[in-house]
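A quick write-up on the structure given underneath.
Chains here go by letter, A, B, C and D, matching the order in which they are written, and residues are numbered from 1 within each.
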Amino acid sequence: MITPLSARDTLDIPGLERLIEHILAGGVHGIFLLGTTGEGPSLSYRLRRELIERACDFIHGRVPVLVGITDTAAVESFAIARCAAENGAKALVLAAPHYFPMNQAELLAYLRRIVPDLPLPVVLYNMPSHTKTAFEVETVREAMNIPRIIGLKDSSGDMGYFHSLIQLHDHRPDFSFSIGPEQLLAEAILLGGCGGVCGGANFRPRLYVDLFEAATAGDLKRVPELHRQVMEFATGLYSIGGPNFGVINGLKCALKHFGICEDFTAEPFAQLNDAQRREVHACLSILGIARN
Amino acid sequence: MITPLSARDTLDIPGLERLIEHILAGGVHGIFLLGTTGEGPSLSYRLRRELIERACDFIHGRVPVLVGITDTAAVESFAIARCAAENGAKALVLAAPHYFPMNQAELLAYLRRIVPDLPLPVVLYNMPSHTKTAFEVETVREAMNIPRIIGLKDSSGDMGYFHSLIQLHDHRPDFSFSIGPEQLLAEAILLGGCGGVCGGANFRPRLYVDLFEAATAGDLKRVPELHRQVMEFATGLYSIGGPNFGVINGLKCALKHFGICEDFTAEPFAQLNDAQRREVHACLSILGIARN
Amino acid sequence: MITPLSARDTLDIPGLERLIEHILAGGVHGIFLLGTTGEGPSLSYRLRRELIERACDFIHGRVPVLVGITDTAAVESFAIARCAAENGAKALVLAAPHYFPMNQAELLAYLRRIVPDLPLPVVLYNMPSHTKTAFEVETVREAMNIPRIIGLKDSSGDMGYFHSLIQLHDHRPDFSFSIGPEQLLAEAILLGGCGGVCGGANFRPRLYVDLFEAATAGDLKRVPELHRQVMEFATGLYSIGGPNFGVINGLKCALKHFGICEDFTAEPFAQLNDAQRREVHACLSILGIARN
Amino acid sequence: MITPLSARDTLDIPGLERLIEHILAGGVHGIFLLGTTGEGPSLSYRLRRELIERACDFIHGRVPVLVGITDTAAVESFAIARCAAENGAKALVLAAPHYFPMNQAELLAYLRRIVPDLPLPVVLYNMPSHTKTAFEVETVREAMNIPRIIGLKDSSGDMGYFHSLIQLHDHRPDFSFSIGPEQLLAEAILLGGCGGVCGGANFRPRLYVDLFEAATAGDLKRVPELHRQVMEFATGLYSIGGPNFGVINGLKCALKHFGICEDFTAEPFAQLNDAQRREVHACLSILGIARN
């Protein structure tokens, strides 16, 4: 879930409530707070805690809540984790530390030291484009033996790697492997993945739920068409504002256009300018996504 | 300066005081808190503030203090900057944001938005191995026009880049270009750089001050020999505990061996084990660095 | 197709004939000579020409032959291309130049200068792990307007990129997008790709043809099981002898074990040692692939 | 040395002779044929042999000749090496294989297999930006025990690495470490390097020889000024025509402007256009390098 903001350190609370209702109306199976699309690392700790409290309160147990605790400082990861547990979240999401480079032995030692002390089950988050450090297959195999680790979300975009992870299911069938990039949702589900964490579901939750369900059902009539819609949406919307900042800015701008929430993004992102906002609106028109 | 710790969130206060006296006795011209070697990003915000307060108090104006404010959250960078200003620091040090990848236009826009609101002069910190994003030469040329930016510390290890920065001096001779890796201190000073920020100066401040002074004086009798000593020290000590964590763990272990401060390092680093500590001691013996 | 060798510059001619019969018996739809798996860049020009002549003669038009002409020297690429045309090949395969780094404008200019003078239709070959330079989506869109270019084989492993290529089909439905890594064959075909160029088909051609046909038919009963077999085969066999050289060494060793051809590989590869050969045999046993 | 060409596969023979006289008149201590600046990998094997024969004939033993034999095919490397030996070259220059990625153990095994069979002494050539594979310090330490290897030219641009190589001198003082990027010549010589292989010396041989000699003599009055001239020349000239192709195109264009040789460059390079040629001429004017 994106984090609706009205200023650098101000949560857009009415927007947050409308956004949660919009997403839940689309049929999603869970909500992930403070991930990359949620701008987690860009937010003050005070605002992260406020978001957890408010979102958990609005969601009120209708779907499970997962909370990102990735941070360069372990002390702060633990503080966010405690806040998540106290507010009823079901699991924590933890990427590799992202300032110091590290090798796989160091990464595994880090997990062994940190994870057992966390107050909730943990989903690993493979995001090497942002953290520099990937969870390699052998590291995941070892990490599956660390108590509390229950799954992995892969945002590497490397489907060969993802298929190698799926092979680890033989060792522990209860472990969940889900996919990050929505462009890869169809194939991930068709070939053994458990689910997807799709940024686009902030705006069009029903499309992604439909694709997930069609793929789970092996419905090859519907999957290619829904996949095509996801590709058109992502290709069209996410490049406005540049390749790095376009996804979040594009989603927030579309949500504002539909009256759901403010489109402020925290630094290091820049706000879209007026021309870019018009591009977003034009893109939605072309895709036939009309304002209600 | 390394940050002396006795536990994950506990400052080693007597160690901090001894360390500062040790460093100042070696003749350094300034102290940089909460940089990479200072494990800044690994520390809780509470501890970062405590360190700034205590260190500024102990240093008591004998040399200028610089404070690292690099963070993924701009709100937290501002908070640390205010703390630094209130405690008498002379400048802030700011690397590129280090979670989201960004291009040069985005990086420059970020600087333009953030830097003018900071309460002290700012030194940019080029550290692409950790932040993923470098300050390219053209970006630095533009950034030199942003108020408050007074210098750049380059830890890229790319001397061709550093020499290109030196060429920018023609535009603004008061701007300061200093070098990060101590292995490059000699040539940086010989060929136009202003100074160095040397991790090894935590343990052997006099060696690095001597090399700086010999290079500044153009004393080619002394520079190669002092440079050789720096190379031997760095090659010997910093590889123990692995290429990523070795520098800080090695320095802290050597400082503990000399009775200066505790050698705890915060996550994601692992503590050295006993065998690695013995390697550090053996390395110091070989280098002829005897315990007092 | 791998290139059967009995020494650094000696083609294993009886092995070549047996290999071609073995592959064709498996039902493949075409044969690609002098690609990466064919060790094209490692072979002398004399041997490359000998291989083209002999292979085209043995294949004798039963399936189309494609010939890799990737080279650092354009003059040599043209020479190989002429040899391919004279021997009845149907198309040429061209990766980005692989010594000098280049940007997308330079790559496109290179294609515009080289391709129109080639004597046969051209398939682009995206192989950034080896060439350093990728064909980005916008470059492919432009390249689709260059005469003679009829398709692209993507070995990047990046399925998001591949799906973006598939979107270009709207502009030119006759253009063919095929996939390199066999681990991605299933999803590439299910979601709009035209085919695959699978190294494993040297040894088990029927498995890959079956997977291609099941995916083309949308047979979701068979696809996951055949995909699982491909993953087990690739994961088991290709890692022996190291991640870089394992694929080709593993395939050649398995082919030798089955009496098809010699297993010599040209430099920079090293030959498998006896222990590694036993590992290959053990891997085949575990996978239930018995020697005839 | 650049390779003067009048067309893709045609050596500019009068230009070659004038260029050699120009370079030798500048006082250089040796000539390196078929390196990166010599476009070695872009040239046909026929032309590479022609160049070796003609250049060795024109040079006629006045300085030692080194010949680059880097190639993806070992058979072709040997052929070029034989040609070099037959024409009186003194040494061969060998970079890592540059199509297949390889690890350090594979690289070392490759050297052990290839080098002992070469007919002349060998200088290793570290060029990871083009070959993808670097010679790491431990690999160089091992390679120093392989017969025939007498030195290493480092074009990585990483001076920390270069200083670590210099430390290996203790093991074998006769081994020669020279530097590639001319921007790093001054410091490489001041701090223990043996020499430089400077592309700019094609055009301004005297400048580079002067800098080498001033640095060797420890003349800190002259070194910074000569280094500044090198930086201005390189910064000004090499960026015209883009960062990848600019060095060679810029040098050739300047040489043509002075009537020394043709400025054709082989693919994958594009020829400079008229506007770019005027930029080169303007750059030379600004630098005060007048046409004779």
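Convention: a residue touches a chain if its C-beta (ideal position, glycine included) is under 8 Å from a C-beta of that chain, and two chains touch if they have at least 3 such contacts.
Since this is a predicted model, take the numbers as computed values, not measurements.
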Each chain counted as touching chain C and chain D at once: none
If over half the contact pairs have to be identical by residue number, which pair among A-B, C-D or B-D is the repeat of A-C? B-D
Measuring centre to centre with C-alpha atoms, which chain is farthest from chain D? A
Calculate how many whole Å lie between the centre of chain A and the centre of chain B, each centre taken as the average of the chain's C-alpha atoms. 34
Distance from chain D to chain A - Cα centre to Cα centre, in angstrom: 49
Any chance you could list the residues of chain C touching two or more other chains? none
Chain contact topology (line, ring, star, complete or other): ring
Could you list, by residue number, the parts of chain C that touch chain A in their complex? 157-160, 163-164, 166-167, 181, 183-184, 186-187, 190-192, 218, 220, 223-224, 227, 231-232, 235
Chain D contacts chain C in the complex at 8-9, 36, 41-47, 72-76, 79, 97-103, 105-107, 109-110, 113-114, 129-132, 242-245, 266-270
